[in-house]
Amino acid sequence: MDIQVSIQPEDFDIAELQAALLGGGAGEGAVATFTGYVRGSHAGQALEAMELEHYPGMTEKSITDIVQRAAKRWPVMSARVVHRVGRLAPGERIVWVGVASAHREAAFAACEFIMDYLKTSAPFWKKEFTGSGAHWVEERASDVQRRNRWS
Amino acid sequence: MDIQVSIQPEDFDIAELQAALLGGGAGEGAVATFTGYVRGSHAGQALEAMELEHYPGMTEKSITDIVQRAAKRWPVMSARVVHRVGRLAPGERIVWVGVASAHREAAFAACEFIMDYLKTSAPFWKKEFTGSGAHWVEERASDVQRRNRWS
Amino acid sequence: MAVRIVFFASLREQLACSSLDWEGRSPQETVASLREKLAREQFPESGAVLLADTVLAAVNQVMAQPEQAVADGDEVAFFPPVTGG
Amino acid sequence: MAVRIVFFASLREQLACSSLDWEGRSPQETVASLREKLAREQFPESGAVLLADTVLAAVNQVMAQPEQAVADGDEVAFFPPVTGG
């Protein structure tokens, strides 16, 4: 199992990330990916920017742990997670998760599992800037529900 | 809903396909994708090549129909499917499905639904070439089971 | 009635035929009746493969059940289970 | 005992503090007892936010329950529910 986790302010190249998932042995028949973007509005208000804070060290560790748990449940061949921090504008990429496996069932399930736990267990915090000021994003109850369906 | 379906012998650029999914309005917060590759072996035998046959016209129609059904079940903003035909070598891309939505739940579910129906309902046939000759790939019972869980 | 018939994949190979224009005397056919006539009349040697339980059919490029009616000018396809993706 | 304390996001803003080195007299602390002492002694004005039900804690960068023991040299973090992805 090849796991790579990167927390970075810079944007990323999804074609390059996906190519890096494949070992070259042509054993991987399936790659499932997820990309999260900054939406242009929140609760009807236009968003000017978003700021992402994280807990350096713990964030990397907790995501690696989530990916390892996914790899125990499904036959994953490799997985990569990239999550940006710092100030982001609407339309910018925030997160990318890619999972390679022999078959699509494992690739889809592991990718979704990683996203569900990342949303609820990895120490990131979003602050939104709108015309009427800045506010911290609140936890979505539906995210917690989605995570709990795996346990 | 923006739907595009392409059946082609040529390879494709996943970064370009994903960029084309996004309308520029920054309403899409989530993109789920699936890429299928030619595996290097089948039932323990090394694969030399694969040939993909399709039913021109019906294939495009049936995939468009599958995507429209997905868009009725989940709030999908855009979806693209590219499927290659002709002769492919191990490690080459066969299929790409990308779905953009406001939230990840819909993007993941629609992407998986499209793949499950594509596997069992779109008129494609795979022929594998190994050292001991050529044979047509048989339907996987697990693919039919996976499709049936949506109905 | 005139019907355009197409075959794909292993069925195309086994029947050694990609397509044919079929002329029927009866004004009424179904996918099932057409399939039986084709197997018996057009492919007396290899026709058994066309009657296998797993064979699927489409009328005018839409999946069809055995009891579906076939009309003059239709395109009727027969093929094995699909294996794309 | 000496403990490194870190705060994140809204909690960091409300307490106007990113991190502090805390020196305790008691040889035994838990996440819960540490949290109460911090709120009372270090942040007598703004400390209530630290006691909110939703506040999460980590010890040495691993999520921790209130009853978890805190040892000399540990890094203890307090933060609101996470909202990444």
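The first chain written gets the first letter, and so on, giving A, B, C and D; residue counts start at 1 in each chain.
Just so it is clear, contacts are C-beta pairs under 8 Å (C-beta built on N, C-alpha and C of every residue); 3 or more make two chains touch, one makes a residue touch a chain.
Every value quoted in this text rests on a predicted model; they were computed, and no experiment measured them.
Hopping across touching chains, the smallest step count from chain A to chain D is 1. Touching chain A and chain C together: B. Centroid distances from chain A, each centroid being the mean of CA atoms, peak for C.
Mean C-alpha positions place chain B and chain C at a centre distance of 27 Å. Averaged C-alpha coordinates give centres for chain C and chain D that are 73 Å from one another.
Mean C-alpha position of chain A lies 23 Å from that of chain B. Measuring from the averaged C-alpha position of chain B to that of chain D gives a distance of 49 Å.
The set of chain D residues touching two or more other chains comprises 85.
Within chain A, the positions touching two or more other chains are listed as 36, 104, 115. Chains that are in contact with each other form these pairs: A-B, A-D, B-C. Those residues of chain C that touch chain B in the shared complex are 6, 8-10, 54, 58, 61-63, 77, 79-85. The touching residues of chain A, counted against chain B in their complex, run 13-15, 18, 22, 24-41, 90-91, 102, 104-105, 107-108, 111-112, 115, 142, 146.
On the side of chain B, the complex with chain C involves touching residues 36, 52-55, 57-58, 61-62, 83, 94-95, 115, 118-127, 136-140.
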